[in-house]
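Two complexes follow with chain A in common, the first pairing it with chain B and the second with chain C.
Entry: the complex of A and B
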């Protein structure tokens, strides 16, 4: 469970977010909408632990981020473009990342790639990947270690119609397995179809919206 | 995790365009710079030991700026947090922070090995592969013979040798001591740079580190200029002495200069090589502790860059 309480984030004197309160539960998909530069990504980074709130706190499974732990313990993340090594294949990149925690097997990496519609046997370098393929690879790296919390910033960017449909099915399946997903998207349809609760980021504040209002 | 860090290092540093361009340029520059010296040595029948060039060249006049300046340029891309959130998340903040230090250490060692290799490449036909002081080193400690050798060279290259340096031990020992102090000096400068960049604002650490490199050379040059231009000024000797003494205190990098340490027997901190090592060890420990305390409290992505 993720709880955001009284969160405020400033960069020097500029207020980005203020008085943010959110509560999110396992097994649900939450949407984050707002204009460009409204603070969606900053909020996501605060929840992940990459940015320290100026005030307030983020608690994940009872542990305060930045005090009890640096990052949520079981987190899959895709914010901005992941810095893959361009002259290595997609699978080599994922294997390289998986080396850090050394928790998953080669087979599980293959499964994650297949889940997002990529061929693990493909030898093509990442630099030759299309935008959509890179996006799929980014999602594969986020889900490959079976996280309980998944934070995805614009996961549908660059995907074709079939790709968007595949990802929607995948996210719904993961939520059904108990994963909490927070995703930011510009597209109303993604939010309407997928998310149970939607938060709107506007004028430094975050408010909970009914789905119809989005 | 070590395997991962090493793979990352190979892919993102050793195979990076920046590294390849810098190393190629450095080797090319050294070959061109020492071509005249090689010809002169051949003409006069001198040879130079494989371990002798690095200790004598690196700290001669602007050697410090070239040597440390290029090293800082190589690691100025750190901290690598853009596009690295997935790595930082998996490593954790502290391990990621240490990984940056490991990058600097590896780069420092490899960079100085490249300098050593560059000298060998540039003077290959005149290199002798043993651990005894060469005919060139023995000639260079005599000012009269040395002047005769260097005055026939067009290029502004000079090498200094001293019996004080030779008294330290064999060329291999002098090389290893220089290598150790220089790696410690560059490692300290590097970690200072990235720790300030991470904990405060990206760029501040880079500027401060370059100042640290520049100040050591600049204070010496200022002292020299002051002596020449204002020789009739009443208090010039005192000011000149002050400027000369300042360089030993202002820049910690002075502690990596084995040659000057031996020649000037500078006081009080640079009297012995062991003190230089302890001095760097303390500075490295202080910077590391500061970074470790700060790393959990700061923003770790480019918004604060």
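Entry: the complex of A and C
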């Protein structure tokens, strides 16, 4: 369970977010919508622990981020452009990442890649990947270690129609397995079809909206 | 596997470059006596010796190789490109320690292959000349100067890149300062040039080799202190707001 209470974030004197209150539970998909520059990514980074709120707090499973823990445990994350090593293949990049925790096998990496529509045997370097392929690889690295919390910043960018459909099914399935997913998107359809609750970021505030209002 | 291939590749480049450096210096001095390798390399008075272009370029290559080898690795840990990697560590400290371990590993590897290349280069040079013997003290002093200098410069580069995202500043620092020491040494008074930490990489600029050189013991102590202090700062404390917290680009 993720709770954001009274969160405010400023950069120097500029207010980005103020008085943000959110509550998110396991097994649900939450949407985050807002214009470019509204603060969606800043909010996601505060939840993940990369940014310290100026005021307020983020609590994940009862632990305060930045105080009890640096980042949420069991977190799968895709924020901004994933920073893969360009001269290595997709599988090699994922293997490198998996070695950090050393919790999953080669087979599970292959499964994650296949789930997102990538061929694990592909030797092509990531620098030669299309945007859509990189996006898929970014999702693969986020899900491969079976996280309980998934934070995805515009995961459908660059994906073709079939890819979007496949990812929607994947996220729905993961939510059914108890994963809490927070995803930011510009596309109304993604929010309408996928998310149970939607948060709108506008004028430095975050408000819970009915899906019809987005 | 890829990492091992990279290590083999760059190690070979460093090793061969160092042999070439030794040969380049031999060419300049027309086969003089090699009794003391450093005396041969730099002449009796380093500050007054002419630095030939070949030697300059070889030194620039060697310094650049260290920069290429370590900066490439450190940059992979840069926070704004590493979000998906960072969250896999238990906390920020573990992540910084992992990055630090990589930096130390590559600095040590660089030095090992530099040392082996210098040995091999000295051996190649000796084959072509009548040599009474090699004086190990200046040889080891030279290696010590390079190693401690690289550790000192390297940890500052590491700190700048990882905590301030200042890759360009790091690269200006090294090989910038050593390049100034090498290229401008004839134009700057020795006493002034010896204050340039870039000169501290070169044993031949030390008081053990030339009069008026930098005091090698004190310099080693300073470098060890800097290395230790910046190491602790780099790993134990997240001193800086990450790049994402500074308005280098508009937040989404």
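Heads up, the rule we're going with is that the second predicted complex is superposed on the first by the 214 of 214 C-alpha atoms of A that agree within 3 Å, B and C clash if a C-alpha of one lies under 4 Å from a C-alpha of the other, contacts with A are read in each partner's own complex, and residues count from 1 in each chain.
The rule we apply is simple: a residue touches a chain if its C-beta (ideal position, glycine included) is under 8 Å from a C-beta of that chain, and two chains touch if they have at least 3 such contacts.
Here the structure is a predicted model, which is why all the values come from computation and not from measurement.
Chemist: Consider chain A as the common anchor and indicate whether chain B and chain C clash or fit when overlaid.
Modeler: After superposition on chain A, chain B vs chain C: clash.
Chemist: Looking at chain A, does chain C or chain B touch more of its residues?
Modeler: Looking at chain A, the partner in contact with more of its residues is C.
Chemist: In the superposed arrangement, does A:66 touch chain B (first), chain C (second), both or neither?
Modeler: It touches chain B, and chain C stays clear.
Chemist: Determine, under the contact definition given at the top, whether A:100 touches first (chain B), second (chain C), both, or neither.
Modeler: A:100 sits against chain B and chain C alike.
Chemist: Which partner does A:141 contact after superposing on A: first (chain B), second (chain C), both, neither?
Modeler: both
Chemist: Does the superposition put A:36 against chain B (first), chain C (second), both, or neither?
Modeler: A:36: touches chain C, not chain B.
Chemist: Is A:161 touching the first partner chain B, the second partner chain C, both, or neither of them?
Modeler: A:161 sits against neither chain B nor chain C.
Chemist: Have a look at where A:153 lands relative to chain B and chain C in the superposition and call it first, second, both or neither.
Modeler: Only chain C; A:153 stays clear of chain B.
Chemist: Pick out the shared contact residues on chain A: the ones touching chain B in one complex and chain C in the other.
Modeler: Chain A residues touching both partners: 11, 42, 45, 48, 50-52, 70-71, 75, 77-80, 82-83, 85, 88, 97, 100-101, 141-142.
Chemist: Could you pull out which chain C residues touch chain A in their complex?
Modeler: Where chain C meets chain A, its residues are 2, 76, 78-92, 98, 241-242, 244-247, 250-252.
Chemist: Mind listing the chain A positions that touch chain C in their complex?
Modeler: By the definition above, chain A touches chain C via 11-12, 14, 16, 36-42, 45, 48, 50-52, 69-72, 75, 77-80, 82-83, 85, 88, 92, 97, 100-101, 138, 141-142, 145, 153, 184.
Chemist: Hey, which residues of chain A end up touching chain B in the complex?
Modeler: So the residues of chain A in touch with chain B come to 11, 42, 45, 48, 50-52, 66, 70-71, 75, 77-83, 85, 88, 96-97, 99-102, 141-142.
Chemist: Chain A touches which residues of chain B in the complex?
Modeler: Within the complex, chain B touches chain A at residues 1, 3-4, 7-8, 11-12, 82-94, 296-301, 303-304.
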